[in-house]
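Which chain is which? They are A, B, C and D, in the order written, and residues in each are numbered from 1.
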Amino acid sequence: MQTITNLPNEWSYVIGPYNPPVAVVKPGETITVLTADAFENKIDSVDADLVNIIELPFVNPLVGPIFVEGAEKGDTLSVSIESIEVTRDYGVSALIPEFGGLCGTTFTRMLNPPLPARIMLHPIQNGLITFSDELDIPRIPYEPFYGTIGTAPQVEAVSSLSPGFHGGNMDAADVCPGNTIHLPVNVTGALLYVGDGHATQGDAEVSGVATEIPTRGILTINLIKGESIATPRILSKDYIMTVGSARPMEDAARIAFYELVVWLEKGYGIERLMAYQLCSQVARVRLANMVDILYSVVAKFPKRYLPSSQKI
Amino acid sequence: MQTITNLPNEWSYVIGPYNPPVAVVKPGETITVLTADAFENKIDSVDADLVNIIELPFVNPLVGPIFVEGAEKGDTLSVSIESIEVTRDYGVSALIPEFGGLCGTTFTRMLNPPLPARIMLHPIQNGLITFSDELDIPRIPYEPFYGTIGTAPQVEAVSSLSPGFHGGNMDAADVCPGNTIHLPVNVTGALLYVGDGHATQGDAEVSGVATEIPTRGILTINLIKGESIATPRILSKDYIMTVGSARPMEDAARIAFYELVVWLEKGYGIERLMAYQLCSQVARVRLANMVDILYSVVAKFPKRYLPSSQKI
Amino acid sequence: MQTITNLPNEWSYVIGPYNPPVAVVKPGETITVLTADAFENKIDSVDADLVNIIELPFVNPLVGPIFVEGAEKGDTLSVSIESIEVTRDYGVSALIPEFGGLCGTTFTRMLNPPLPARIMLHPIQNGLITFSDELDIPRIPYEPFYGTIGTAPQVEAVSSLSPGFHGGNMDAADVCPGNTIHLPVNVTGALLYVGDGHATQGDAEVSGVATEIPTRGILTINLIKGESIATPRILSKDYIMTVGSARPMEDAARIAFYELVVWLEKGYGIERLMAYQLCSQVARVRLANMVDILYSVVAKFPKRYLPSSQKI
Amino acid sequence: MQTITNLPNEWSYVIGPYNPPVAVVKPGETITVLTADAFENKIDSVDADLVNIIELPFVNPLVGPIFVEGAEKGDTLSVSIESIEVTRDYGVSALIPEFGGLCGTTFTRMLNPPLPARIMLHPIQNGLITFSDELDIPRIPYEPFYGTIGTAPQVEAVSSLSPGFHGGNMDAADVCPGNTIHLPVNVTGALLYVGDGHATQGDAEVSGVATEIPTRGILTINLIKGESIATPRILSKDYIMTVGSARPMEDAARIAFYELVVWLEKGYGIERLMAYQLCSQVARVRLANMVDILYSVVAKFPKRYLPSSQKI
């Protein structure tokens, strides 16, 4: 099995078509990917110099681009996540001034004084995360996923901090072991990027940071030729899902639900407006992030309610 | 037990301090409430004249105001929902032109041609809802809740179609049997309003309409003297929850999470910024509605992670 | 000429159908109106106790309701503003913590520390406003307008702090002497409210407060029978204008432009999509406020480009 | 004088650091730039095949990158616009389905049927634009500006359709002859891009398209060493201006006003909160666009109110 990673000082900080591939994979191939955490593994103490470590635009380092043989614009890339192991005995979370869901940011500009910087280290052991020794609360289960996964747009190079139609920094906990994510192919070779492992994360990732970890993940790459999608899709045992990323947040939800309705129509033969009305009764939503350059919303349709002739 | 409802042509269409009470209850009292559906029970056929039935502002009729003895501005009203029965053998959903999450509306004004009006009747029997005979899908469990519940603001009279700091049309499925909702008291007697029963609803209520039903509900009313809250709170077996209602949707999420953080600080002694960081790891979110006059987001903190000395 | 005002402790803090009229006027009548400033004229020193003076919901006091004889739902009320005099020798501006365009608010909830409270008094003399003696800048011309003017909705009572389809707290500098504003009539008598005089204001009213003044204004009230409008319209020598109030701000702009396009179509015979394309070449926009409960945007079409057969 | 343009099939469709310069200029140099219109000059008839001409992402072609000698990250690029001539005898406007301010788009996703595609040609002669022969309205003055001008971000390549902190597709009519725009330098050589000439445009560019023209422009390029700015600034005879680009629109306004306040503080010695209060009295705002990938708002401070010791 290929093990793929970038050279230490050559992480990718954008998802785009301009950098040479770090690896080539064949459709059907299973690979191991080694990722750094969102802070480039530079934080090993609560006293680390957070503000200097976060030297924009060089945060959220990604592995990639990974070139997929045979992928052409108009295809769909399918990435099945077999496993995500943490490769360190702790995760990191932080308060980053001018970043987060409940503070002024570079986009939602405020004259208020900023919140302080703050780092927490969260020991991880036996599948359990210790949030804090100070707080007498149970340990949190290790439920890892990739915060960032995406394929190159045709001409844009998008910050690794941003999600979008190409995937990217969605921070959707559904991108986890056992699930498969579909991504649009916009350029020859698809050019897959992945990183930003999270040991766990609350919906919305409200403070802006999850339990950030370096990972060893196993992925199986497949290619769906001649079928194109407009936005990422995720399949789990129980749900088919679409991801919308936009601001304001209602536009993220609109994209996700629109694509879910279109999928129910084209993929499962449920007339479009009936699908709309059905989603209004049975759909589920995950607010994936309310902190990134765009917000991400996952619209979920329970497979249980797919027409019986069409179950997948 | 008192049975409370409004006279047939005297439903409330606003939540405010201006109408005389339809009933008086004592703290600790358990009452039965009879509500009409959001269309005033006027739809009994898919051929009903939807556009004329929806004669704004006379939609989403509420029972109320219910005067609670002893309630004064600055208190908190607690409403425990014991049960919600449907009093008809079907629910109604509909497409309403210029209303919904994926179409131009009176707020998100578009020049596009509108979507068509359309009515569906959904038979309800033995705790199961039939979405459609045309579509070969399983029946949907009956999981009822009140779409609208709230207390009068001090001087405003708010449309029954709008949620807000006073509660109102949140369309949050957590307002269900087994749960307790806390609402701010802004005027003497609190003046509680309730209605808009839903037999089931998807997160976001994306088409704008759930499975709308008339109900017979049993509620226990309590009063928490001298404690005020800024926005509705909900308690279930597993979560403490806060509701934010605003546009754009990120502001609804901000209100909900801000109030959750404040609650964790003042109610459970978790320092504010640590609570913020903890929510970023373990919180859950329900997108309650993306269609009403304001959007509603429920931020949920798992009771499991409350400090052990403080569990409620 | 009638002089209309409210009793000192009986200002209106909502725009709605529930309070008895303070005066009755006939269509065609010219009246004098005496308004208090947004702080109820309570600030006469930079050391005033701002936080206690702003005792929500009792801010932005309005004169009204004024009952207009013959006005019925479906008509349009026309208010021509003849003059607005300041009745004090200074205006007041302030920083109000948790209110304003560049700070966390009760809607855009932030954990950041709030900005400080601060009051400024601005002497007004000979048509000129002194912003500050500390700052060596020219005096500002006195260009008065009403921040708040509106008619009662049918069943809602809306805070005097909020704009909406009914007019209200738009903070649009186009509501000034020489111009005429059209407002929808939703109830018998129209029930007009007016207040919130501004001696001058920047577009957007970014800190949340203009140069607030008590006023003596002269208004001529007319009635347009049998014609209804969806949102306020303003006519000046040079422009026809529509006002949209909503959040997010793009929805305010959408409402304003949609109504402007509809007006060009129905009022001036310019086909709807051509009107849309023409606005894209010649329209002007005023961002009226970015601080109130809803934001207000004024879309302006230059009369110069109205079809020559249709000039008004 | 250098005349700079790109080869016909080698326009730039992103603003980024990845493409080789098409020209090198020295600080102080005056250049001529030849730009194509937003449709690559492909439309010469109202019957042109609009949907095929708009082959995303290959729209809004830009001239560039232009390398400025001596420019380094942390400097500011100053571009004075001397003149913009139209190089064709007509401009083009259009309705583009799923693009515009009053219709569903790829971001504000709607299930409504789309608006039709439509092209208009607008003759330009003697400084006057004929909007339409069908409509009896005066001709519109030729008031040209660049819709798109920007400098490369450090690692991102941004679609030429998007504005941002780097400038880009702001569609701000203040980028016109007589004015000077300041842009951040993020990479060696600054890498300037320019295009998207407009013969005139309404505020907001509501239908999504202005009067699009190919141009011959004369620009003078200067470099301000060692001074960095966060967002574009524009200087005219009467105003100093800042541009914010974001969604929702209030965030665009927040960025613009925040940067204006900071400029008044750092550049003119007006204490920050006093500047905030002063802007609330005298600032002006242009809503530049409500249709692009981000919305753009220009906050304007009248030079007349700059402290007299500091006038520029």
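To be clear about the criterion, a contact is a pair of C-beta atoms (placed from the backbone, for glycine too) under 8 Å apart; a residue touches a chain by one contact, two chains touch by 3 or more.
Given the structure is predicted, the values throughout are model-derived calculations rather than measurements.
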item	value
Common touching chains of chain C and chain B	A, D
Required minimum of steps from chain A to chain C, each step between chains that touch	1
Chain located farthest away, centre of chain B as origin (C-alpha)	D
Higher-contact pair (C-beta pairs counted), A-D versus C-D	C-D
Centroid distance [mean C-alpha coordinates] between chain D and chain B, Å	45
Where chain C and chain D are represented by their mean Cα positions, the distance between them in whole Å	32
Touching two or more other chains - residues of chain B	102, 108-111, 115, 247-248, 254, 257-258, 261, 273, 276
In the complex, chain D residues that touch chain C	93, 95, 100-102, 115-116, 118, 120, 122, 129, 131-132, 134-138, 140, 200-211, 247-250, 253-254, 257-258, 261, 270, 273-274, 276-287, 290, 295, 297, 299, 304-309
Residues of chain A defined as touching chain C within the complex	102-104, 108-115, 248
Chain B to chain C touching residues, read off their complex	13-14, 16, 18, 57, 106-111, 153-159, 244, 246-248, 251, 254-255, 257-259, 261, 272-273, 276
